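Here come two complexes built around subunit A, the first alongside subunit B, the second alongside subunit C.
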Partner chain A sequence: MFLTYCVYLSLAVCLAGVLWRMGRWFTLSIGPEAPSAPPRARIAACLHATSSILTRPVIAAIVKAWVVDVLIQRQIARKSVVRWVMHMTLFYGFVSLILLHALDDLTLARWDPDYAATANPYMLLRNLMGLFVLTGIIIALVRRHTLVLLKRFNTRADKVAIALCAAILLSGVGLEAVQISSAPLFDEMVQDYFGGDDPEEITSLKAYWAAYYEVVFPQPPVINAQSLETGQTVHEDNCAACHSPPTYAIAAYPVVKIIKPLAPAMGRIRLDIGLWYIHVLASCIALAYLPFGKLFHLISVPVSLAARAVGDTRGNAPLNRHTRRAIGLDACTHCGVCALHCSVAPLMAVIDNPDILPSEKIGDLSLWYTGRLERNRQWRLARGGNICTACGRCTDVCPAGIDLQDLWQASQTDLIDSGYFSPHGWIRTNDMVAWSKSAKTATTAADSGMHLVDNPDTFWACVQCTICTNVCPVVATSEDPRRDLDLTPQQVMNLVRLQLKDMALGCRMVWDCVTCYRCQEECPQKVPVADVLYELRNEACRRLHVVKGPTSKLSPSDLQER
Partner chain B sequence: MPAMNEMQCDLLVIGSGMAGMAAAMFAGQHHIDTVQVGITGEINFASGLLDVLGVHPQDQGIPWEDPWAGIRQLIKDTPDHPYARLGVDQIQRAMDTCIAFLKSAGLHYTTRHNLNSHIITPAGTVKTTYAVPHSMAAGAQALASKTPTLLVDFHGLKGFSARQIIETAGRRWPGLKQLRLAFPGTRGELYTEHAARSLDLAANRKALADLIRPHLVGAKAVGLPAILGIYRTSEGVTDLEHQLGVPVFEIPTMVPAVTGLRLREAFEQRLPATGIRALYQQKVWDAMVLPNGEFRFSAGGLAPETTIKARGVILASGRFFGKGLRADRSRIREAIFDLPVVQPKKRALWHHKDLLQPSGHPINRAGLETDEHFRPVDEKGQVIHPRLHAVGSILAHQDWIRQKCGSGLSIATAFGAVDAYAQLSRQ
Partner chain C sequence: MTARTWLYFPGCKINTFMPQYGLSTRSVMTALGISLDQTELNCCGYPVRHENFAAFMVAAVRNLAIAAARGLALMTPCKCCFGNLKHADHWMHQDETLRRQINALLAKEGLAWRQGIVIRHLLSVLDEAVGTDALKTAVTRPLTGLRVAAHYGCHALRPGNITQFDNPLAPTLFERMVALTGATAVNWPLRLECCGQPQTGKNNRVAMALMTRKLDDARQADAQIMATACTHCQMQFDDGQFEYGPPTGCAPVPAVLYTQLLGTAMGLPEEALGLEKNRIPWRF
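Let's turn to the complex of A and B:
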């Protein structure tokens, strides 16, 4: 009775949670478009778009995406066979267990009048599915703890999801093993299903079950040819229809072999009942937890993939872009594929900011948009986001079909609007004059570390020949270098040589350098032009953060770049 | 320390300027197994013109119409000049070979039947030179026959003013007109390499021709700064001539000029195809002679990367700007082997008091003393190493800038040294 309540309660929590989470898709405002539209308008816009899709051929693309990317998981298979095996075994293992085992009263029991959970093929199938899930869990654990990028960033959500799966599976396998060896359960079954009351027949049956069905009795019955023969007859008359030999319980049987010596003790404390509670409660918790952790991707990913099949976020109506992005935040499973393909991920080695990685950035964005991100982490998020080069690889590889690149751009605008300023953005809309008014004289602790700029040997050989400017692709693409870049490379070198580095820092040439290093290679005097520009940019960035950054949101330790 | 690459060769050419490139080219023609190493240096500053001898004696500034007669006189007057180790025939052969090689690399040169040509400079003065790039040949012609010419310059291109040229040359060359244009697609400062890359494309040449055409009125030729492409200059000139209906020519620009870049690209593209193993953008970090008489070097970009073992060496490392010579507070040193450098006794004697003294300064003639095979010798005249040769501007007793013999000196001494190396090896 208690467990029944638990099941209904968790189902209610699950449904309410799913509604709440889906409701958030229409309340979160992500991106610059029409920021304060009421949820009702958002829902209407979404329904309108959805209904118009239903009548268009693009619906075929959606169905195809669901088959290919949800049911077959082709995207994952292409990237990694191991991960594909993990996902398929977990997904199909759990789905079959839920349908054919947890809900057997509604499914198998109706289809097959002779259904019994302990008879083949159902027992074998259930155990097989259990082994599938176990394989998936093991791969997930190994993967999360061996891949360099992933093992650093195992979140609580990842751990909880794996732990819940493991709890359900292990309690289930353990339960079956204990049940197989349990003498009290045997007695109950005899009481409930055995027609006669001949003690000799029961003793023979006990002998047969002890010999062939692994039941461990507190007082072991006498096993001989005669008792086994009688036992077999009784067994076939009363039990065989519902009980296949336990060797078919391919997951539980090895456990039976291990726990056999302890079986009498387990029988005494009725461990089978305890495990039954654990198994059902763990399943209830998982059900109730589904909308609140990464398991929600069961719902959000198919929605996200459908949206992706229709097109990019930019193609959506402005109101729907917010919704699309909110779905994207929810669709992330933190699988980490984006981080493994991120083109700026190597910068993690230099700037220890996890929000450089798309997989971590999206998690923190989710927290930020829902008002749950701590202050110092907000600053980290803004800085990590600045490093993205918008190469688009994360979007290409995301198996959940999230339009990540659009999400980065939209959130960057939101972060800047809420005071998390971007040095590159500032410098593009200003110039050296604006710089000299604000940031020129700001100094930072790292200022003294400009080992190239402050060293006269760096420049003494420069003859201002303009080779560096002649070969510079940034200057070449500018229609008017003075307007676009303030100064050209050789002019920057001259400023620095004149010890006017404070002025050089605000020059847009410094910020637009693509570090192709042609200037440095071609310089006849071997002046390290590109290295100097790079050093200047780093210092300028630090100064801008001091002067323009939202200092109220900073702790002193945040100002240290590394 | 990271593991070094290893290379073994017969001959190592040190330097990638005019002399180094020429030495590598001749070595390739001799089928010598050659490695060339050198950082980008003076060749980027070349005007593209190949001088052999323009002026002698330099203090009188006398130009020579026939450079070969001039060289004979020079050898007679200054028998220690590097040209004296060669003689006119060898210098002529060297120049012919080099011009043919550049032609095979797509750079066409014009000579005036063994006479010097004259072309206009961006300052409006007249320069005496030997071989003229095809893209400038019509300019020499126009100057010689005083053709009415439209000179075009561009907003934002520094050091090139049509008006200045006319101001200086107008009396000698009447009928010059000037036109200043905004270079198609740009505003503000203009840099020669960017403009030249842009004009390698036909669409941009058409835009330029469309800007020039309305101003042609009466002009029988058009002169432009040397920015007509880098890789397809001849094609670009022909195309513009076709569009404008008059001869079009280039005038050298201030350095760094694309004329130098064209030379460099021609050599860098073509030399590896002739079997030269090139380590461009790399320099020699240290050098030593092994007990068996062979050389061992380490070379690399930012740090030593490759160990090179070589039987012989041609040193074409240039003068001060090329880093072949280094001056400290008291003396001039050779940068790689610390070879003895012929130089004034003390620093106070390096320069005359008059900066613009026509005869040049004593330091200009400092450099390496060699034997007849271009092998550096010590104070007693002893060869320092039997297979170490030096060529180009690092040699002593010449003043190539004032004598207008830079390319000829580089090419001819490279020719002589490689020839000597090959012959000595055969013995």
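Let's turn to the complex of A and C:
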């Protein structure tokens, strides 16, 4: 009774959670288009688009996407066979267990009047599916803990999902093993299903079940040719129709062999009942948790794949782009394939910011858009997002069909609107003098690695001849370089030569440089002018990046020492 | 360097913003008997170089180490990727401490930089590995009468001591390559200047001023099109010009990728060159 309530309660939580998650698809505003549209308008736009799709040939593309990427999971297979085996075994193992084992009253019991969970082929199939799931769990664990890039970023959601799957599976296999060896259960079954009450027949049956069905009795019955023969007759008359030999329980049988010495003790404490509770409760928890963790991808990924089959986000109506992006945030399973193919992932070796990786960035974006990302993490998110080079490989490989490229562009605009500029934009928020004052207080120990700016050898030959300024195309675009650029290249070189680099860090000339290297090429004294400007930008970035507890609107006063 | 197989380094932008460059490069190279090894490589480090030199070095050198591990010379159609990979290679030669640090980071993946990794831009590969004679033979439909302004692209050209692309003050490679297609390379004063792309999205005033100045100069030299051989330059002159429009009273100067020009002259079909993807259309 208690467990029945639990099942219905978790089902209710699951349904409510799914509705809540899907509701968010229409309330989150992601991207610059048509801000603050009411959810009603968003739902209407989505329904309009969906209904128009249903009547167009593109519906075939959606069905194809579902077959290819949900049922066959080709996109996963293309990138990694191991991951494909993992996902297929988990997916098909769990789906069949749910349909044919958890819901057997509604499925198998209706189709087959002679259905018994302990008879073949059902017992064998159930155990086979259990082994499938076990294979998937083991691959998932090994993968998460061996791939260099992934093992750093196992989130709580990843662990919870694997732990829940493991709890359900292991309790299920354990339960079956304990049931097989349980003498009290044998007694109950005899009471419920055995027609006669001849003690001799029961003793023979015990002998038979002890010998061939692995039941461990507290007082072992006498096993001899006669008792086995009688036992076999009794067994065939009463039990055989519903009970196949336990060797067919290919997942549970090895466990039976291991736990056999402990079986009497397990029988005394009725461990089978305990495990039954654990098994059902773990399944209930998984059901109730489904909308709140990564298991939600069971629902969101097919939706995302359907949207992808129709086309890129840019092709959607502006209102639907927000919805599409919100679905994308929900469809991420944190599988990490995007990170493994990310063009800027190697930068992680130097810049310790997980939000460089698409797999981590999308998680933090999800938190940010739902108002749950703390300030310093927002900062990290903007910095990481800035490093993306828009190569689009993450979008190409995403097995959930998320248009990541579009999500990055949209979110970058939103982040900039919230005051999280790129360094170039940042410098523009104040003038050179203000930057130079605060830059003095924000010195950093490390230097860039080029060792040009602080090295007197770099400048000793500079004679301030102004050739760098005269050839600079950026200077040439300005009628008033002092107004537009603060300083000319030659003046910047002079400041640095005089060990006044702090003054040059926020100078527009440094940040408006197009890195054409004409100054450096044509300097008669071989001063590496363009490389010095590069190093000054590096230095300014390093000082800006040591900001602690950043506010959304940045100013020079945000500069602090590390 | 006359290798027949090259490690192809497309760079990040081609996939998303300039697929016609990747397509036409592969089409032309295949037709010329050059095979391109397409392993997954990473960012050349150019975008992050403003912010973090060490990050730039790791990214760039990792690609070089992959080229070394595969025993191949590296070819890129992007001049920004080219220049930055050359810079990284230069610093690895120059600075022993840096070399040790970067190699220690790469060693975790079993990779290592070593001396002698060959890095070439597409134009140099056409010049050196394919050769003038083979190109002349391949051109079956010369672009006679077409006046082309060859835009060099800063990052391949300068600093000349590091990039070793051509004479940085008086280069001839691009004009020679244009001439091989049967077209006429015009003489225009601003041919070595910047396209402005590095400041696009950062300081658009500067970016647009530089672009407009060059386009005016090309027009004055009676160029019908501008030829580029760099993903970023092409983004600037094609997408940039399309979005911001030419000054009133002026016709746009279509920007055409060199591989598209060469492919047209070789008689390759239009779809193999992605000409339809250019925002400002050009056909010969």
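Note that in this section the second predicted complex is superposed on the first by the 434 of 562 C-alpha atoms of A that agree within 3 Å, B and C clash if a C-alpha of one lies under 4 Å from a C-alpha of the other, contacts with A are read in each partner's own complex, and residues count from 1 in each chain.
The rule is short, and it goes like this: a contact is a pair of C-beta atoms (placed from the backbone, for glycine too) under 8 Å apart; a residue touches a chain by one contact, two chains touch by 3 or more.
No experiment lies behind these values; they were computed from the predicted model shown.
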> Which partner does A:387 contact after superposing on A: first (subunit B), second (subunit C), both, neither?
Replying inline: second
> subunit A residues in contact: does subunit B have more, or subunit C?
Replying inline: C
>> Is A:350 touching anything from subunit B or subunit C once the two structures are fitted on A? First, second, both or neither.
In response: second
> Touching A:304, do we find subunit B (first), subunit C (second), both, or neither?
Replying inline: neither
> Given the touch rule stated above, what does A:127 touch, subunit B (first), subunit C (second), both, or neither?
Replying inline: neither
>> Taking the superposition on A as described, I'd like to know which of subunit B and subunit C A:521 touches: first, second, both or neither.
In response: both
> After lining up the shared chain so the two structures overlap, which partner does A:465 touch, if you call subunit B first and subunit C second: first, second, both or neither?
Replying inline: first
> Touching A:316 in the superposition: subunit B (first), subunit C (second), both, neither?
Replying inline: neither
> Is there a shared patch on subunit A that both subunit B and subunit C touch, and which residues make it up?
Replying inline: 476, 521-522
> Okay, in this complex, where on subunit B does subunit A touch?
Replying inline: 39-42, 44-45, 185-189, 191-194, 197, 255-256, 281, 321
>> Help me check something: in the complex, which residues belonging to subunit C touch subunit A?
In response: 12-13, 15-17, 40, 42-43, 47-55, 57-59, 62, 91, 95, 98, 105, 108, 154-155, 157-160, 168-169, 192-194, 196-199, 202-203, 205-206, 209-210, 213
> Within the complex, which stretch of subunit A touches subunit C?
Replying inline: 148, 341-347, 349-351, 387, 389-393, 396, 405, 422-425, 448-450, 473-474, 476-477, 484, 511-518, 520-522, 528, 530, 534-535, 537-538, 541-542
> Which residues, counting only subunit A, touch subunit B once they are in their complex?
Replying inline: 465-467, 469-471, 475-476, 479-483, 488, 521-524, 526
